[in-house]
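Notes follow the structure.
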Amino acid sequence: MSFAQKMNAVWEYANPRKFLATTERVLPFFWASAALCLVIGLVWGFFFTPDDYRQGSTVKIIYLHVPSALMAINAWLMMLVTSLVWIVRRHHVSALAARAAAPVGLVMTLIALLTGAIWGQPMWGTWWAWDPRLTSFLILFLFYLGYIALWEAIEDPDTAADLTSVLCLVGSVFAILSRYAVNFWNQGLHQGASLSLDKEENVADVFYFPLLVCIAGFVLLFIALVLYRTGTEIRARRIRALLARERIAA
Amino acid sequence: MTLSVTDLGIARGGVPVLEGLNFSLAPGAALVLRGPNGIGKTTLLRTLAGLQPPVAGRIAGAEDRIAYAGHSDGIKPTLTVTENLAFWASVFGHAGGIDGALAAYALEDLAARPAGALSAGQKRRLGLARLLVTGRPIWVLDEPTVSLDRDAVAMFAAAVRAHLAEGGSALIATHIDLGVDAAILDVGAFRARPRDLADFDGDFL
Amino acid sequence: MIALLVRDLRLAFRAGGGFGLGLAFFLIVTVLVPFSVGPQSSLLASIAPGVLWLGALLACLLSLDRLLALDWEDGTLDLLATAPLPLEAAVSVKALAHWLTTGLPLVLAAPVLGVLLNLPGPGYGWLVVSLLLGTPALSVIGTFGAALTVGLKRGGLLLSLLVLPLYVPTLIFGAEVARRGAQGLDLATPLLMLAGISAAAVALIPFASAAVLRVNLR
């Protein structure tokens, strides 16, 4: 198979039946590996790493905070990509995947905000500060809320898919703008990024490896949740279509 | 130019309602749509007007040539009859003025009145007068005679005849006899059949 | 296009058009602020630019749900969509009409209300400049929100939920210009950012608004 053919084969999964059949087979693997990674990463991180010399044991919330924050952003990126696919190629599964990912992203954002507050209290002496990063996540939270509310408000599924896709595109631009605006508005007290490819020494190795395992766990959990929820959305659409079919047959 | 519809399929709210429609409408001709309530006449007319995309088939000769009149006429109650008509005339770039349209529906005496003070039938006459100021050759009308009295129906029929005589054409969904020489198309015969249960791709069946 | 603008302005100024409601709302919000935070003039002076920006933003938001909903209900949008005027131009004109009837009066009223909040002397000019630059973006983004929710029975609350996050960058840079202006600080960066956001929004958002409006008209 040529590369182009391989790329084209991806679109087969845009067929709902093919999607359901495949996800049914791979989902147990994703659930199991997500659980495994999370158990290993969290147990390793919580109980088998030393306390930080400055931050004490509070540093260990990093194992929830960083992965959830990463997934909060990645979920929105995934919604952006699937929305674009829906707009360009009109694959229903793509729009439904965006819909399925939104509540997961919302919860990830909430976890990041809450764990951040719990971490911030002992470190900065306050539950909340209008720091650029915190503020950006709060704004992201609002974008998720609006996106989900729009899906829920519109009855016709194709109309809802179209409108939410455009909202996702426009919202992405404004989310990035907000990020810069907020950075400009308050320089902040948040520490630098915990993870980056060129500066791995940001976090010491003892904390770094369990963190990687936790991140893998969150990624796998996210994939499993989104695949599962997309399957539910597909079945809901199918019920809707069957009911409509009965109506016109009657 | 003839409006021609080939193998058209349309859907309402994602559910197919009509399929396999074929007809054409030559200049000077009129076509009356019949069919039971809920069959999809309004959806068909909105599709022809370009307000929604067809699910299947082709529509040729419709673009920028259709004047559409649906259930509501886009009349602003606080503007006068003249202001309402003049607005649509300038949106459609019609140069001929609005006097002819006012005369065709006997609206001259009401011209200075706010449209909100008109009766339902008078409003409808104003809505139909709008067609005359669009300068568009194909009229696509959805139940145009609702709330019109007998005299007003006669005015409307006269306006349609004059439009046809000038080389225009009209597609009208109506259940009353207008006394206009028109072919009749019963869309009941084109009701969409339920999809195959194996059609899992687009329609989730 | 001019016909549509003239019609919208006429509708706004006739009885029941709602012209002036936003202005009255702006006045009331500004008057309520000292009641809620206390009358100390130094405190009021320091929060005045932000309060005035927020008040103008909310007053703008208040009038958005009428922006397209009335034309939707009486079928005007259907007819406009079949008219020779592109829908992109139609929504731009409607946003312009909204700005002329809501945004511009707010800009003009803001310095007067600044007196009530003890706005420092150098702040008046920059307050007007920042609102003048920012309110067009508020109108255009608001039109997008109105187009998204136009088909919904009770879209007002959802409209706020969708539009307010989109207002964040404009509000931040706009209020920053006004605040720095009042304190006599350097404000070139936020001013340029505000102008950039406004220009980009005015140029690009109408395409998104027209696209979602077409979807809603189906």
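To keep things simple, chains are lettered A, B and C as they appear, and every chain counts its residues starting from 1.
Note that in this section a residue touches a chain if its C-beta (ideal position, glycine included) is under 8 Å from a C-beta of that chain, and two chains touch if they have at least 3 such contacts.
Quick caveat, the model's predicted, so the values are computed rather than measured.
**Q** Need the most distant chain from chain A, centre defined as the mean of C-alpha atoms.
**A** Result for max centroid distance from chain A is chain B.
**Q** Mind having a look at which chain is the central one, using mean CA positions?
**A** C
**Q** Does A-B or A-C have the larger number of C-beta pairs in contact?
**A** Top pair by contacting C-beta pairs is A-C.
**Q** How many angstrom lie between the CA centroids of chain B and chain C, rounded to a whole number?
**A** From the centre of chain B to the centre of chain C is 37 Å.
**Q** Report, in whole Å, the distance between the mean C-alpha point of chain A and the mean C-alpha point of chain B.
**A** Once rounded, the distance between the two centres reads 48 Å.
**Q** Taking each chain's centre as its mean C-alpha position, how far apart are chain A and chain C in Å?
**A** 32
**Q** Where does chain C touch two or more other chains at once, residue-wise?
**A** 218
**Q** Residues of chain B touching chain C in their complex?
**A** For this pair, the touching residues of chain B are 46, 49-53, 64, 66-68, 70-76, 78-79, 83, 86-88, 90-93, 130.
**Q** Please name which positions on chain C make contact with chain B in the complex.
**A** Of all residues in chain C, those touching chain B are 2-4, 7, 10-11, 14-17, 71, 73-76, 78-85, 217-218.
**Q** Within the complex, which stretch of chain B touches chain A?
**A** Contact set of chain B toward chain A: 13-17, 191-192, 194-195, 200-205.
**Q** For the complex, which residues does chain A have touching chain B?
**A** 15-17, 92, 155-158, 234, 237-238, 240-242, 244-245, 247-249
**Q** Where on chain C is chain A touching in the complex?
**A** My answer: residues 144, 148-149, 151-152, 155, 158, 161-162, 164-166, 168-169, 172-173, 176, 189-190, 193, 197, 205, 208, 211-212, 215-216, 218.
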